[in-house]
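Structures given as structure tokens follow.
Here come two complexes built around subunit A, the first alongside subunit B, the second alongside subunit C.
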Partner chain A sequence: MKHLNGRMAAVFLFGLAVLFLAAVTAAGWGFEEEALVTDFSRKNLEPCGQYLFGTDWLGRDMFIRTLTGLSMSIRIGLLAAGVSSVLALILGTLAATMGKTVDGVITWLIDLVMGIPHILLLILISYALGKGFKGVVIGVALTHWTSLARVIRGEVLQLKEALFIRTAQKLGATKFEIVWKHMLPHLFPQFLVGLILTFPHAILHEASITFLGFGLPPEQPAIGIILSESMKYLAMGRWWLALFPGLLLVFTVVLFDVAGESLRRLLDPGSAHR
Partner chain B sequence: MVSWLPWPVIRERNFVKEHFIFVGKQAVRMVLLVFFVSLAAFVLVSVSPLDPLQANVGQAALGSMSQEQIAKLQTYWGVDEPPVERFLAWAGDFFRGDMGLSLLYRQPVAKVIGVKLANSLWLMAIAWILSGAVGFVLGILAGLREGSLLDKVIKGYSLLIASTPAFWLALVLLMIFAVWLKVLPIGLSVPIGVEAAGVTVADRIQHAILPAITLSITGIANITLHTREKMVEIMESDYVLFARARGESTFSIVKNHVLRNVLLPALTLQFAAISEIFGGSVLVEQTFSYPGLGQAAVTAGLGSDVPLLLGITVISALFVFGGNLIANILYGVIDPRIRRGGAGA
Partner chain C sequence: MIKKRIYGKAAAILMSVVLLAGCAPGKQDGTAGDDRQTDGTAMVNRTAQDQTASGDTAGGTNGAKDSVIVAMGPNSEPESGFNPAYGWGAGEHVHEPLIQSTLTVTTTDLRIDYDLATDMQVSEDGMTWTVRIRDDVSFTDGEPLTAEDVAFTYNTVKESSSVNDFTMLKEAVAADDTTVEFHMEKPYSIWPYTMAIVGIMPEHAYGPDYGEHPIGSGRYIMKQWDKGQQIIFEANPDYYGEAPKMKQVTVVFMDEDAAYAAAMAGQVDLAYTAASYSDQTIEGYQLLSFETVDNRGFNLPAVPASTDADGNAVGNDFTGDVRVRRAINIGIDRKEMIDNVLNGHGTEAYSICDKMPWYNDEAQVSYDPEQAAALLDEAGWLTGSDGIREKEGVRAELNILYSSGDSVRQALAADTQNQLKKLGIDASIEGVGWDTAYTRAQAEPLMWGWGAHTPMELYNIYHTLEGKSAEYSPYSNETVDRYMDEALAATTLEDSYELWKKAQWDGTTGVTQEGDIPWIWLCNIDHLYWANENLHVADQKLHPHGHGWSIVNNVDQWYWE
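Then we have the complex of A and B:
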């Protein structure tokens, strides 16, 4: 990649990451039926050419199960990160523009959410919603907005002092018009990067909470379920049940990070010359 | 007052006093936040549609019970009282040190938490110190030689670890050290089949090695990346350039000019990371079946043991806010403006 400059490399990495993630999501979606197929003639096979990740004690193909699980995780992550980022955008902007009281309440709310360890909060929310699918999605969606909200709040506070905002104020634009027309376009890059960098957290937390037994039901081929089941077979030497699904999960999360970071580099005017 | 002077008098700021007021405000804020955390947690468990009777007694057993028996159980699990009264009664007792009875362990919550916390605490303390120290050193090394191979390795490692779920790392370490090499035990905090009196300190240490290492490894990433970033920023500053021009060696530059500037944000970050370590310990303890606070939280959540779940939430919130408070106080100890303010002003 010697002849690629920094920006072209970033575009390349971003495209590659997005492509891979889309492929995994689509493949997992398509394989949903196959992931549940049990076949006792092929139980406990070690990884081989036909079954890349081996098979489990019910003869289920671990590669397909992993893909399906990851696809599910990515979709939950997308939904959760989307909801969380929009929440962060709204709350961050409100805190910075609606005066001291609103600011105080929202900052307070951020401190409150950050005060309970994340996993514990997810357990509480999942418990409040009666566990299961709903509990995970809502829990993950409602808890990832805090740090992005802080960033957005800071950004808007700075923007408020900018000349073009003050000019707009003097010209009689309403608060809503200023936010909508003049601030949001400025916040968009921050927002987009924040959105993508929320995915990894959302996915990891979804897997963790499912692993602990609060999330998706056990019949679902979710990545947390796969790993928690593999725990029982670890002592018997079935290493492949835990190793490969986890590796693919880590790879997926790293890719999201890569995508977010390259996008940040592309959108940051300070690095335009590289 | 001194208006006859030809120049304006700038009153020297009293940093020490300002700092005390600041810390005092933070302390009050912390107490209020803990109260609101307990309220929020209480609301969450109150709106839950999960019926503790269904979860622990089971549909079949409930069907065969008489109305009186069910009513008795309902009183035991506290299902028949209105939520507001329950919260006031619970919070009042909690304030007096009575956290209620754990419904699963059939012991006072305070006692259950005490035992579990003792198990968890030194695990978390080791992980916290180890990850902080190693992460700080790695961050400094990487930041000193930005762009070098060492920097790339450290940065890549941190990014990778940040993307690795703690419980999977725990599984992999279990696979390597307990199943494959058979050098460390596979779980729990004490050997199986040994009387409580017969458990030695060596046993306990041996059982805590893997969980502590897992927690430490996952904790390193954040502090390393942060320290590195700060380090790069400082190494490009004018005062470092000037020190270099004066002929100071890299070591003395780091010792005299850089260390304190990096230490302050790193310490704040590490105290804020208590929340992360707490979360990580839930996952790690569950994987290693280590009987600590995290595992108790999972058990309480799965088994609808509301008093225990609430107790753990409040205790962990106390730790998180306490960590933040300590970070704020430490600012005064390390920041020279505040420290010298007392003697000079």
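Then we have the complex of A and C:
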């Protein structure tokens, strides 16, 4: 790393993180069928060469289950964070450009959603929508847009005073044209970084509510399910059921954070030249 | 900002993982650290010592310990207290009510004996039961127990019971101090089995808070109830029967892993446990295993698929064919399943009432995969290119439901899935909540648990509801219905047993392999307990469904060696 300057190191880290996450996602996708296979002839095995993460009380291969679970989490995270960020972009821009009333309503909405603890609102939404994949994705999407929306609103308010925007206004461009042609390109870096930094939140929250039993159904190989099942077996000394999936979850979350942080360094004018 | 928060969260998760991993020894401390409980335990021991110190009054047990601490699951704590009208003893999971006396009791072979009753008679038409009771019994507040109290109890449970069915009773009337008459709505020959679970309450001391401050005439008095933690019982000194050997019984409520840890720490004398723990050992404790009629099995909807008036799916085209159901019944290796899922702690089940006096042993089948394959071939389900059977372009698929959170049922469903695959049936499993399970079971197999000390279970499972089909899974057979109706109208229990048996299989039709086989029974789950090596637990009658209070049915006869 010493030979690399800051910029190259950031590119390197970003590439590595994305590569790993893509690999996990793809691998998990491929193992979906296998992750559900139960085989009682191999139950409760400690980690070994053949079963890297051991097996559980139904004889399921925990390595494959963990990979599939992570892959599922990443996909849910991508979808939920994507929806959430787009929501934030639209609402943030609307708040800043559509006048005082709209701004008031949206700011109030942001405060409202921020005022309720994430996990409570998430459980409520997920439960109301019948839990499962749909419940989790919509739940996470509807609770994670607020901080980014605030950032974008602030950014747009600043942009509004910029010379080129005022010029465009004087030249008779409509509001929509201004937002679309002149503002969005400026917002893109903020948006991208915000999007990537929402992933880890989304993944952690997916795992949390699934752990609590309000998320994905129990036969799904999801990290939250794996961790909550493992609780029962810890007293019997089956440490591997919790340790590896837990560590990998933490690792994934950290990697997403690294990717987002590197991207910010690349795009942020303040640090881009380093 | 965001970054910091995320690292914080990641660190929190990592920490909790580490904490969890370190939980095996930590958990014991956690339980021990529960102040009140430790106090409770200490108190129990102290009381026991006090009693033995003044040993002469305690019945001269010569210094022997006469108290016991029993750990049960959190679900065993009676939500509405010790009121039979709200499920104490006479609820979903039946057991002897301990605090109250019952008119009859079930014996170890599940026949009927007397407790308060001295004699019972039923009229020719089965519409009136006349029961004479003992005249020497008092409640623990000193008031005598009379037929009035019995009549009051039964009229009260009929009015307010939401957990058990008392619709067959019209009213109970006290003819004199020691005679009570039950007037029935319809003949009900197995009434003595109901009388064995309804604890008699005192009319004079009954109120809305009876559940929390119960008064009875049974072997024990409830001394203290710390909700969510423990219940302490003390022996009733004026008990009319044999004096309890165990003077004090403390029941604590904890999860499986906490109960295991409590046993490891020596804090409880007897702790319930599950088969998944059975390969562990605890020094000073032995693993007790009791046979049960706590069965697990799944329903196979016995009618073709359709939709009911509410738009719910009913029936299943695959399991609607009786040959498919028969193939599944003999195509499942129950022995292997018990070894796989229960570590061998179970018995093969062939009916909902194995080993009960009303069980028809014609239900027993042997594992025969060839015959099962032949049956499926005969039914037109032929093996396709991917090893899964097909008929007219339809794949042989089955989605087996289980209640989410129940690891044993999940494992049974998973093992069934694996075994069905060998037969060429593509099964999947799905965890569901009880809010949707009942409706979905009308069209898909669901992993159930049943087993009670009354033949009424057969009726509930197989008897047709008026104008429709059976309640829990679509099925109906007029002959089976008729036998069960006749069994309820029989004048003696012995006659009724024969008719219940015929309802299962009469030589030409029934609910067994050669009959309609609308339910597949897999296993009876042994109830397992960690017990202190020096504790002598009296012989148990077959436990019903529910791994809870049944174990202390005869705690009065336990003793320390």
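Just so we're on the same page, the second predicted complex is superposed on the first by the 274 of 274 C-alpha atoms of A that agree within 3 Å, B and C clash if a C-alpha of one lies under 4 Å from a C-alpha of the other, contacts with A are read in each partner's own complex, and residues count from 1 in each chain.
One rule holds in what follows: contacts are C-beta pairs under 8 Å (C-beta built on N, C-alpha and C of every residue); 3 or more make two chains touch, one makes a residue touch a chain.
No experiment lies behind these values; they were computed from the predicted model shown.
*Asks:* Mind working out whether A:Ile123 is in touch with subunit B, subunit C, both or neither, as first, second, both or neither?
*Replies:* After superposing on A, A:Ile123 lies in contact with subunit B but is clear of subunit C.
*Asks:* A:Phe20 in the overlay: touching subunit B, subunit C, both, or neither? Say first, second, both or neither.
*Replies:* In the superposition, A:Phe20 touches no partner, neither subunit B nor subunit C.
*Asks:* Counting only touches as set out at the top, which of subunit B and subunit C does A:Trp29 meet: first, second, both, neither?
*Replies:* The answer is neither, since A:Trp29 touches no partner chain.
*Asks:* Go through the superposed model and pick first if A:Gly213 touches only subunit B, second if only subunit C, both, or neither.
*Replies:* both
*Asks:* With both complexes superposed on chain A, which partner does A:Phe133 reach: first (subunit B), second (subunit C), both or neither?
*Replies:* Neither partner.
*Asks:* May I ask you to decide whether A:Gly115 touches subunit B, subunit C, both, or neither, giving the answer as first, second, both or neither?
*Replies:* A:Gly115: touches subunit B, not subunit C.
*Asks:* Just subunit B (first), just subunit C (second), both, or neither: which does A:Lys232 touch?
*Replies:* The second partner, subunit C, only.
*Asks:* May I ask you to decide whether A:Thr38 touches subunit B, subunit C, both, or neither, giving the answer as first, second, both or neither?
*Replies:* second
*Asks:* Per the definitions at the top, what is the overlap between the subunit A residues touching subunit B and those touching subunit C?
*Replies:* Of subunit A, residues 200, 204, 213, 230-231, 234-235, 237, 239, 242-243, 246, 249-250, 253-254, 257 contact subunit B in one complex and subunit C in the other.
*Asks:* Name, in rising order, each residue of subunit C that touches subunit A in their complex.
*Replies:* 2-3, 6-7, 9-10, 13-14, 16-17, 20-21, 23-24, 27, 256-257, 260-261, 276-277, 280, 340-341, 404-405, 407, 410-411, 414-415, 417-418, 429-432
*Asks:* Report the residues of subunit B in contact with subunit A in the complex, numbered from low to high.
*Replies:* Where subunit B meets subunit A, its residues are 29, 33-34, 36-37, 40-41, 43-45, 47-50, 159-160, 162-168, 171-172, 174-175, 179-180, 186, 275-276, 278-279, 282-283, 286-287, 294, 297-298, 301-302, 304, 309, 312-313, 316-317, 320-321.
*Asks:* Help me check something: in the complex, which residues belonging to subunit A touch subunit B?
*Replies:* 108, 111-112, 114-120, 123-131, 200, 204, 207-208, 211-214, 227, 230-231, 234-235, 237, 239, 242-243, 246, 249-250, 253-254, 257
*Asks:* Any idea which subunit A residues touch subunit C in the complex?
*Replies:* Going by the criterion above, the answer is residues 38-40, 43, 57-58, 147, 197, 200-201, 204, 213, 217-219, 229-237, 239, 242-243, 246-247, 249-250, 253-254, 257, 261.
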